[in-house]
Amino acid sequence: MFGNILIWFVIIPIIMMAGLGICRNSSMNAIRTVMTVCSTALLGLAVWLCVWFLDLRAAGDTAEMLFTGSWMWYEPLNIQLAIGVDGISVLMIMLSAIIVFAGVFASWKINPLPKNFFLWFALLSTGVFGFFISIDIFTMFMFYEVALIPMYLLIGVWGTGKKEYSAMKLTLMLMGGSAFLMLGLLGIYWHSGPEGQLTWNILEIAHNGHIDPSWQRLLFCLTFVGFGVLGAMFPFHTWSPDGHASAPTAVSMLHAGVLMKLGGYGCFRIAIYLLPQAANELAWIFIILTGISVVYGAFSACVQTDLKYINAYSSVSHCGMVLFAILMLTQTAMTGAILQMLSHGLMTALFFALIGMIYGRTHTRDIRQMGGLMKIMPYLGVCYMIAGFASLGLPGLSGFVAEMTIFVGSFEHTDMFHRSFVIAGTCSIVITAVYILRVVGKLLLGPVQDEHHLQLTDATWFERFSTVTLIVAIAGIGCFPNWINETIQHSFVPIINTLTQAAI
Amino acid sequence: MDITLPILILAIPISMFLILGIGGVKMSRKMAGVLGILGMGTTMALAYTVAFTYFFSGDSAFIVDGIRQQLQVFDVTWLAFTEKLVVSIGFLLDPISAMMLVVITTISFMVHLYSWGYMEHEPGFQRYYAFLSLFSFSMLGLVVATNIFQMYIFWELVGVSSYLLIGFFYKLPSAVSASKKAFIVTRFADLGFLIGILVLSFYTNTFNFAALTSDPASALASTGGATFMGASVLTWALVLIYVGGMGKSAMMPLHIWLPDAMEGPTPVSALIHAATMVVAGVYLVARMFPLYLVEESALTFITCVGAITAFYAAVVACCQIDIKRILAFSTISQIAFMMVALGVARPELHDAMGYMSSMFHLFTHAMFKALLFLGAGALIHAVHSNNYTEMGGLRKYMPITHWTFLIGCLAIAGIWPFAGFFSKDEMLAAMFANNWIWGAWMTMVAGLTAFYMFRMYFMVFWWEENPHYKEHKPHDAPWQMSLPLIVLATVSCVAGFIPFGELVTWNGAPYHIHIDPVVATTSLVVAVCAIGLAAWLYMKKNSKPAAMKNAMPTLWKAANRRFYWDEIYMFITHKIIFNIICKSIAWFDRHIIDATMDGFAKVTQRTSVAIKGMQSGSIQAYVLWYFFGAVLLALVTWICLL
Amino acid sequence: MYSMDLGILWYLVPSVLMFACGVYGFVTRKNLIAILVSLELMLNAADLNFVAFNRYLFPGQMEGMVFTLFAIAIAAAETAIAIAIIINVYRAVGNTDINEISKMKF
Amino acid sequence: MDSVGNIILYFVVAICMVVFSFMAVTSRKILRAATYLLFVLISTAVFYFQLGYQFLGAVQIAVYAGGIMVLFVFSILLTHKPDDTSGQIESHRRIAGVCASVLGGAALLFALFTMPVAASGCSLAEVLAAGPDITMKEIGHTLLGTDKFRYLLPFEAVSVLLLACIIGGVVVARKR
């Protein structure tokens, strides 16, 4: 069991928790050491996994999932700890590792109760990694819940503003989503195969193709809505602005960067892959909803004055794009969706990190009270601009690659319905430019608004470390997208095949 | 062809950007300036080598049977959307890209040099050079694009460089809002470009220019006769792509960003907003010209937009005070000129002379417009104001600037033997060949051009000396600034004699330029008359201009306010989009959607509050309820048993 | 009309009335001790029923009686505890009115 | 046919029982309520005697009347001043109480009178004759035996309960 590299993605965070348990509450250095060592180990492991995976693929290993393994943990219901990764999971793991790594540095000076904060943070990471490595939907769901619960405490205790309200709202809405999800997953399980051969394993379920189309429709709606809530699908997105606005920096990073991706990932891995007929039939409903998300989020972001609200609405727009592209059900568009997940994950994490850093200095997030920060803290200003440009889709940064792949892929549909939604979606790039430039103009440029801000200092070394990690990743994807693109495209082959077969 | 030079042409500017951008903080100004200028100088040398090799080596790779060939020097896959739709980064060498390499590197180098003097005392000098390098890189990448998507990529990059450079003085709110406006307006146009690319690539299944233009008929066939709202999809695609060009090239109604873009440093205006980036739209149409030929309605659209814009901009330029604004409107007008020339070009009309002349004008215009802008920069540098009302009589104080500026004005007015004469004459000839209406209309615009340019010239260099000169004597700029002026003035004088038709034509076959005497004479006469009129009105201080202005106050004010385009845009964007749409959506989100979600919570909570009285802890109440319940059950049982 | 024999109903009817009185007292009284008194009434009514049923329906057995015996024992225990609590509450609150004792509510 | 004496005794006791029950729950002086309760308990004990359960009657008197009532009285004296009267009962509470008790009582009486067993009008004398006398020895065996229908385990459980009760009483009532 421990020979499988994947399992270590869950074990390391657990070790991290154990390590933190040993630390004394007051010894900040010990806590930081544990976190740094473990998150670096995770990042290293993720890179290693990535390289190893590509190596195996290059060597001609064409299995759908690599590094598979499964261990029974509840015989009567055939629940297993089944793990395995394809190219998409590998990339998502990589993304999570990067963000966890950056998140640790972004919360270097977390106060109060640093130990407890990092304990919950580690638990959150456990859930996230566990989710991405699982191919047993029950285990997957379990890890999903593990990732959700710490959110409540992390926001409720370490947040700012009306944190209790936001924490409660976020948790309740996401839990509401997982209630739908739970029903959907149980439904999938009970129809997963002939009597006596029920299974939770994604590959087996997809291979069996046993779920009756009439059931698929119901289950598709349940699972898609369930994951869609986490993916901030209109009209279930309102936890996102409040939640992000109240969350502490690292939690916003991890939540917008990774946790929201759980939604998109689940949507195609479960809702679409396992229920292909329903996906073909019912995608249009959700295309409408996600299409609305894309434009709606962007428009809403235009008038917000709180930095985090702007970003949260922008996330609604960008994550809407992810689900939108997934629902297009073409290989290119879905590839774009994954790219968008990676890109959005990195750049939102960067955004939230920077907002946290700026907030930590100015003690306000209201853009009307700030201005000309570029002069005062050029490093943070430049980073913020880079994040902004990534968000509005500047070539050379990751956002462009993702958005273009989505648009080109989505445009493969020839009917008016899809095309008009694609064109509506493309409009968001203009609106995105509007709100990003509005923020940049008000926050960074122009004259200094507040005299007190003149005394502020620029980024410290750990803040630089955190942001540089993310920027390198963003620029990396933006400049050399093709290997990622190919990896994702290969991974989508079985899903696309299932879909085409179902369409016949 | 060896790929080292082309790669270096792109690699040097981008590495300069990275070096200056990341390491600039630690560098001295001098170091950064020298690095930037050296880098650009090298790039220019390399670009010249490439262009001269292409045009004059006679190598069989470049010219076969007298026809200049188009060749992809390299083409590396960057992103493969599908098997066919592949975005690659490459280097396309053909007459227009070679010509553009020369234009961009020349102007860029001149601006680099000029800026060393002009920006000497500005903070953020290193950053300025970094941005200039970024712009040069993007612009070079744009012109050598092998496929439409590469062009789109660099198209966006030039947009961002332009944003960064316009907003260079980021502490000025006006510069910030101008840069924002420029970016958003062009971005809006790029949306059209993007959709156009999507439509075009969907039907033709390729992004590659060579594949698209070598066989435009098959592109038409691939659409299978699909139409949308009465026009074929190919027309739609081409018009939408042209919309992208309209944004960058500031065609009506997307021109509003360009005058405001003058908030940027003047050398930047010369580089980006006069010579290179703004002609990207023209270049785009020229690049896809064979496709446009298939759909002539798209070309007609281009012609109409160009003709209206040219006239509009010329009229507005007559009523501006800010010299940079005058030049900006003049730029809009001149680019529209090129657009019209492209729009009227047909292979059957003198072998698409319009195309050739448009490119010719692009070349000459880049030179003399850069010259004018740099001259304006020198004036502003000396007077510290953009308005000609603060100038006047400067010819004695700034002779170099005066003479070079005069050459620029003569060139743009189309006076023989300056560069503008030749290119403009060819364009007008092409227009007359298509339809005399275009020709006559554009001749009138040419007259207006001569008028407003000389109006500015006389107001700046003649008229009456500003009394402030006694306290603060204006003088010619330092050598870094004067040298580019002199070089560009020289080029403006001689560029007309370049046998341009031999080098750049739409299909690579040489075309021998011959001056059409009627057209040439007409335009010359019109231009001279216009100059005479300007001289009569503005040479000496008098009350005629004021009288004219007072005679038609409404018209003058409307033209001065650029016919209220900005106000209309402000109304649409601020009042309608921002206040009505965005705010109502935000309101809807908070008060409907979010309130619904909160409503669920509130209903749950209210219900629980309402029924929590039942869990009062009062055992008496429990007993009471229990008892009633028991009685009820008994009753039910009894009824059932009956 | 039943004969003047003392049938089972003769015992059950007073027991029901006693129980009803107990219910009334339990629901209406505010004094904790009065509530306890009502409780004893109800308990007593139940005891009486046990005994009556035992006697009339299963005269040969003694389950009803034993049960009553236990019930009495438990009632004693319960009363003792209840009174201990009441006294304690009285110390804490100052009276034995149940309306005053709401600190532990919700 | 039961003896007239028995019937008269029955009526006296039954009326006592019902009347004192009613007075116990309506009296506004708590000490009086306790006293009425005592009378009710004694009446019940008399019924037990009449039904032939002498031991039970004795226990009733000893435990209830002797033990529990003393507790009651003590607690009342500890928590009330001599002239304390409880306040007027709110009318809605009274109505609810009356409703509950009348409805409940009516339902129970209805059930009783429609019950088939009610019709079996065997007299007390007959049933007393039918069952064997319950001797102390038999009660002892029943309570401490381990066979079927023997109750050692509940007996022990009750003793533990009582123990717990003693401890609990001490702990709860202890002065802090």
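First chain written, first letter: the chains are A, B, C and D, and each begins at residue 1.
By our rule, a contact is a pair of C-beta atoms (placed from the backbone, for glycine too) under 8 Å apart; a residue touches a chain by one contact, two chains touch by 3 or more.
Source: prediction; values computed, not measured.
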Of all chains, the one whose CA centroid lies most distant from that of chain D is B
By C-alpha centres, the chain nearest the middle of everything shown is A
Chain-centre distance (mean CA atoms) for chain B and chain C, in whole Å, is 96
When centres are defined as mean Cα positions, the distance from chain A to chain C in whole Å is 64
Taking each chain's mean CA coordinate, chain A and chain D are separated, in whole Å, by 70
Rounded to the nearest Å, the gap separating the Cα centres of chain C and chain D is 6
Flagged in chain C as touching 2+ other chains are 23, 27-28
Residues of chain A that touch at least two other chains are none
Expected list for chain B, residues touching two or more other chains, is 623-624, 627
Listed by label, touching pairs are A-B, B-C, B-D, C-D
Counting only contacts in the complex, chain D reaches chain B at residues 96-97, 99-100, 103-104, 107, 110-111
Listed in rising order, chain D residues that touch chain C in their complex are 1-2, 6-7, 10, 14, 17-18, 21-22, 24-26, 30, 33-34, 37, 40-41, 44, 47-48, 51-53, 55-56, 59-60, 63-64, 67-68, 71-72, 74-76, 78-80, 86-87, 89, 93-94, 96-98, 100-102, 104-105, 108-109, 112-113, 117-118, 120-125, 127-128, 130-132, 134, 138-139, 142-143, 149, 151, 154-155, 158, 161-162, 164-166, 168-170, 172-173, 175
Chain C residues touching chain D in their complex are 2-14, 16-25, 27-31, 33-34, 36-38, 40-41, 44, 47-48, 51-52, 55-57, 59-63, 65-66, 68-70, 72-81, 83-88, 90-91, 95-96
The chain B residues in contact with chain A across the complex are 25, 77-82, 85, 87, 149, 152-154, 156-157, 160, 163, 167, 170-173, 176-177, 180, 183-184, 187-188, 190-191, 194-195, 198-199, 201-202, 578, 581-583, 585-586, 589, 593-594, 596-598, 601
So, in the complex, the side of chain B touching chain D is made of residues 623-624, 627-628, 630-631, 634-635, 638
